[in-house]
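By letter and in written order, the chains are A, B, C and D; residue numbering begins at 1 in each of them.
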Amino acid sequence: MIKAGIIGATGYAGNELVRILLHHPEVEIVKMTAHSYVGKTFDEVYENYRDINNMVLDEMNMEKLAEECDVIFMALPHGVTAKVVDKNILSKTKIIDFGADFRIKNADTYETWYGVKHEGRELLKEAVYGLCEVNRDIIKGKNLIANPGCYTTCSILSLRPLVAEGLIDTSTIIVDAKSGVTGAGRGLTLANMFDECNESVKAYKIASHRHTPEIEEQLGYAAEKDIKLTFTPHLIPMNRGILATCYATLTKKVSYEDIKDIYEKYYKNEYFVRLTKKGIFPETRWVKGSNFIDIGFGIDERTNRVIVVGAIDNLVKGASGQAVQNMNILFGLDEKTGLTLTPIFPA
Amino acid sequence: MIKAGIIGATGYAGNELVRILLHHPEVEIVKMTAHSYVGKTFDEVYENYRDINNMVLDEMNMEKLAEECDVIFMALPHGVTAKVVDKNILSKTKIIDFGADFRIKNADTYETWYGVKHEGRELLKEAVYGLCEVNRDIIKGKNLIANPGCYTTCSILSLRPLVAEGLIDTSTIIVDAKSGVTGAGRGLTLANMFDECNESVKAYKIASHRHTPEIEEQLGYAAEKDIKLTFTPHLIPMNRGILATCYATLTKKVSYEDIKDIYEKYYKNEYFVRLTKKGIFPETRWVKGSNFIDIGFGIDERTNRVIVVGAIDNLVKGASGQAVQNMNILFGLDEKTGLTLTPIFPA
Amino acid sequence: MIKAGIIGATGYAGNELVRILLHHPEVEIVKMTAHSYVGKTFDEVYENYRDINNMVLDEMNMEKLAEECDVIFMALPHGVTAKVVDKNILSKTKIIDFGADFRIKNADTYETWYGVKHEGRELLKEAVYGLCEVNRDIIKGKNLIANPGCYTTCSILSLRPLVAEGLIDTSTIIVDAKSGVTGAGRGLTLANMFDECNESVKAYKIASHRHTPEIEEQLGYAAEKDIKLTFTPHLIPMNRGILATCYATLTKKVSYEDIKDIYEKYYKNEYFVRLTKKGIFPETRWVKGSNFIDIGFGIDERTNRVIVVGAIDNLVKGASGQAVQNMNILFGLDEKTGLTLTPIFPA
Amino acid sequence: MIKAGIIGATGYAGNELVRILLHHPEVEIVKMTAHSYVGKTFDEVYENYRDINNMVLDEMNMEKLAEECDVIFMALPHGVTAKVVDKNILSKTKIIDFGADFRIKNADTYETWYGVKHEGRELLKEAVYGLCEVNRDIIKGKNLIANPGCYTTCSILSLRPLVAEGLIDTSTIIVDAKSGVTGAGRGLTLANMFDECNESVKAYKIASHRHTPEIEEQLGYAAEKDIKLTFTPHLIPMNRGILATCYATLTKKVSYEDIKDIYEKYYKNEYFVRLTKKGIFPETRWVKGSNFIDIGFGIDERTNRVIVVGAIDNLVKGASGQAVQNMNILFGLDEKTGLTLTPIFPA
């Protein structure tokens, strides 16, 4: 059994990670920490775990955790992992980081977008970007995984085949993304109170959201050139789900089937990527509670654009599910282990 | 492997049943029928099953199904099962009926409340009321299970210990229940359109809901006398969940601990019944996607009443989960097999 | 023009009060205060007022406000008004208090339920309980109005005719109430975050909610005797609305028409009370944005109970609309002035 | 008093129109028709009108209506008005059409997108596109107003100043729009059932929505050239509201203030257009229940794009409010008459 520790277990992603790991046949959770709830049991914080998980929440002690755990999930915002993880820790355990510290290779870019000093520059070359469908071969054997962001996972997987094949003009890419409120985390803010976001929709962080350079970097690798794109996130009055509607101008005249072939070339053997049929577009309800990404597209012949729509559950494929998928790769397990979760509907 | 057939697979309960059975280690779904979708694949109707279940939906043919299946789930409204099931069918397979035909022992009572002729009176004595926590011993060895209603499961399990122990005056019982919209099924009705039930709450079928006699009969067995109670259902703008707030006058002065002891006497070994701690009351979010019923209570000392609150997921413990629990009992499996579903939150 | 001041303008009730007063032909808002937003304009806090109301929010200064205002709306939680209002203030202006300080005549009862010392005992006899349909004759000429609570307005108006006519056994009254989330105010609490209350329903403050003694006192006046009842509030995932489902045992055999006659006797001339037709029950969607209370009832002949259902918009008839109705009475205006708001649907 | 008739009064737009007209000081509703509810009273269909409007719903009889009414609101889908309105009718009354029949000047374009024959080609030159802020001068004196669509109103008003001033490359325009479910009307469809659209978001009619040519035509007039753009509508789990996120590449280097000046040039005297401050973006909650459109924008300097966000209430500015605004213009009233509706929040 893989001994797992969870740091930041009481965020929404942490909570979802526990749900997945409890059903994982090869994992035992040995430690959970949560700074704000030290001494409480997990089911006091999340009553869905009543009679299921009453582990006492602890303070984070990286040295001790590294000794006890084969893998540590850092379910924390950006900025913490870079401070508390070092080569010594990495020599004893594997780290899967939900934060952004090691997602962007260029520390200057990170500092520009996040507005903080990067505290772990020397570890950047140890880290691998844990987008499993793309990087699984280089994930194996690593000890530090930068688990991708929710918007980024959905955006990159939706667009990557077209970028890699040179089928779209990368200077025309626009990603208009819509997220449920769990994407904003469990911290107390007026904007996320029920009455403030229920029955409304808004765009936010226009031309300034931090997932932008992450998408650009990864698509840039596929394009083998720098990419600048426009990314606009929106808040939707629902708990879970991300829908990314992606626009780009086609570089040549192609048919629906041409593009379909390209998506199948990249994804037909990918269990977690589901391509919709012609005329069917992804909806977040169909992936809720699962690690799937659904991808569909249409061609706007009048404007020569392709519109690609991707849908994920932000807490699963966009966070905890992908983290477990990374863990499976790290430990040589079948990538699907513990992740064959059927989407739950209506939920 | 148990060969299972599902009749009415495209209702919400049918859909949820498929989700549960796909994760059940001892079951193989061999046939699914849906009158309105014959010839379509299941994932065309429910896209959450994309790349997971593309079985072609068929017409109901009971003779054939009885030959092919070890168990048939009739996920249909009342009135159908009594017409199409007979002793011949029951000699070949086991039937778990989601409808109301065989829930009420007295066919006249059934006819009064449902306003239709009972078409299967001769089978009533073959049937057992499949409330597992109460009837598991008599469920074993039966071939016809009347799977309880959603409101009734929640109401009966919440109140039964107090009734059985004579702790409440049964003439004072009032159940005020709240249900998510999936409880109303997937049929097209104006009242269940998004804009008609979103942002509103209502009571309906006041003093006339058909689950009333079902609750009365079962609590009557526990009380060993006839019971008449008031039951009021309400529609809540959410997908899933039932909360039953139950009121009754205490027959004697008792403490919180006295009542707690009674609940533990009945439920401490019941995996699917979770008792909340003092001061904590069930909320539907904590059971969503699971087969649990959470039960908590408070005493209103000023009025000498006890208020018991029960919460279930109407599609799981209130329908498909309990059906699988019944199946597990029928086939001698551990009752929890395939049902250790952690509640999903937030969802 | 009546010069009005609003203290606590940035709560949900304050916001709604501004909306109503802006359309009131006889009122001018001269001052708004909000401790947490001093110096900000109102439309910076509530962007619905963009280009409509950019008054700068001020600190509360009762002396100054009393000089400037004909009426002051105290849109604050309990405990403040009793501290800052005195006979001097009341000699200069009229106070309409949204808090609970002066709702309950017996200060000891108040202290028991609210757990704080009553700081304005000497003003209790100056105050009148502002339930307009009941107390309009004694409201006139008063300077201190205790605006009723939201749950209480709905519960009292729903049950009062039956209590006053002795038609129900008051020892059997149970009120099971359901409220939208605005009822909990705009303060930051984890429980009211979107993901925590969306897609769930719960009971809270069982046998201990502070509106209980308020309902009991007012119904006691109608009954001319003390009443103890059970009141259970529930939180519903919607913005606005209260539905009160009220249960009581009938004291004699009566027909639907008998009870209908009683409701018409009390309410047929009440503009803001709308009685539903036989078989129709109130739903909160039909009163949203308006000052109406809809009332309907059914008889459960099997148990000899009456079930009365009342529905209001908690921010209008349950708070700001009723406050304006009180103001209209205080200043000798037609009670409907500025309050003929058509319910908005779907909203 | 203006005598108004409403055809199709029982759709959501019709219902909202009645709400607005009841508060309009210069209008009397003399007739309401609704094919599916003939003989019923309006408050039987919409209980928000209980004790407010119990007019009996009639069949549509254009001849009779034209005699009785000064203005007829045709709150119907496309295809009907063109069939039942002719020059004779227009000689007796004024028609404000909620459908699409007369919105598009080129009947061939209409037939291509709507897939039906245009039945009123000869009236196209009589009709005027009722986008009040743009066409008020030519609306006066007309008898046939094509009330704009909801998505189109929001999209055109958001982008028009930039197009008119040549500040954006019109070949790069992308409108990603999000609508509440009332936008889909009140017809029974599985897709609009509560459980089907709650807790989900989807794109639909990709590259094929009928509002596309309407936006193109109107923006084309502003650009003085043909425009082809990409328009993608999305369904959001909320009752009301449209948010249009519009993307386009700037034709030259401009500052935030440059663009701000352009918007103020066009809109500073427009009561119903509210421009947000720098860094603030429209949200649908701030316009709910009102006739406002809120517009804000940001510049993505890295990609040289402008992102303009517009928000309206689809049933008010997107339908009934704008229809009344058109009526006010037609009858020489102040355009704001009956339309100074403060947005209701939270609702």
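A few remarks follow.
Criterion: a contact is a pair of C-beta atoms (placed from the backbone, for glycine too) under 8 Å apart; a residue touches a chain by one contact, two chains touch by 3 or more.
These numbers were taken from a predicted model, which means no experiment stands behind them.
Both chain C and chain D are touched by A, B.
Ranked by separation of Cα centres from chain C, the top chain is A. Taking A-D and A-B together, the pair of chains sharing more C-beta contacts is A-D. The distance from the centre of chain A to the centre of chain D, with each centre set as the mean of the Cα atoms, comes to 38 Å.
Between the Cα centres of chain B and chain D there is a gap of 46 Å. Measuring from the averaged C-alpha position of chain A to that of chain B gives a distance of 37 Å.
Residues of chain D in contact with two or more other chains: 12, 182, 195-196, 198-199, 237-240, 283, 285, 288, 346-347.
Remark: chain A residues 171-172, 174, 176, 178, 180, 195-196, 198-204, 206-207, 228-230, 232, 234, 236-241, 243, 245, 247, 281-285, 288, 298-303, 305, 307, 309, 346-347 touch chain D in the complex. On the chain B side of its complex with chain D, the touching residues are 12, 181-182, 186, 188-190, 192-199, 237-239, 347. In the complex of the two chains, the chain D residues touching chain C come out as 12, 15-16, 19, 22-23, 46-52, 182, 199, 239-240, 274, 276, 280, 283, 285-290, 292, 294, 340, 342-347.
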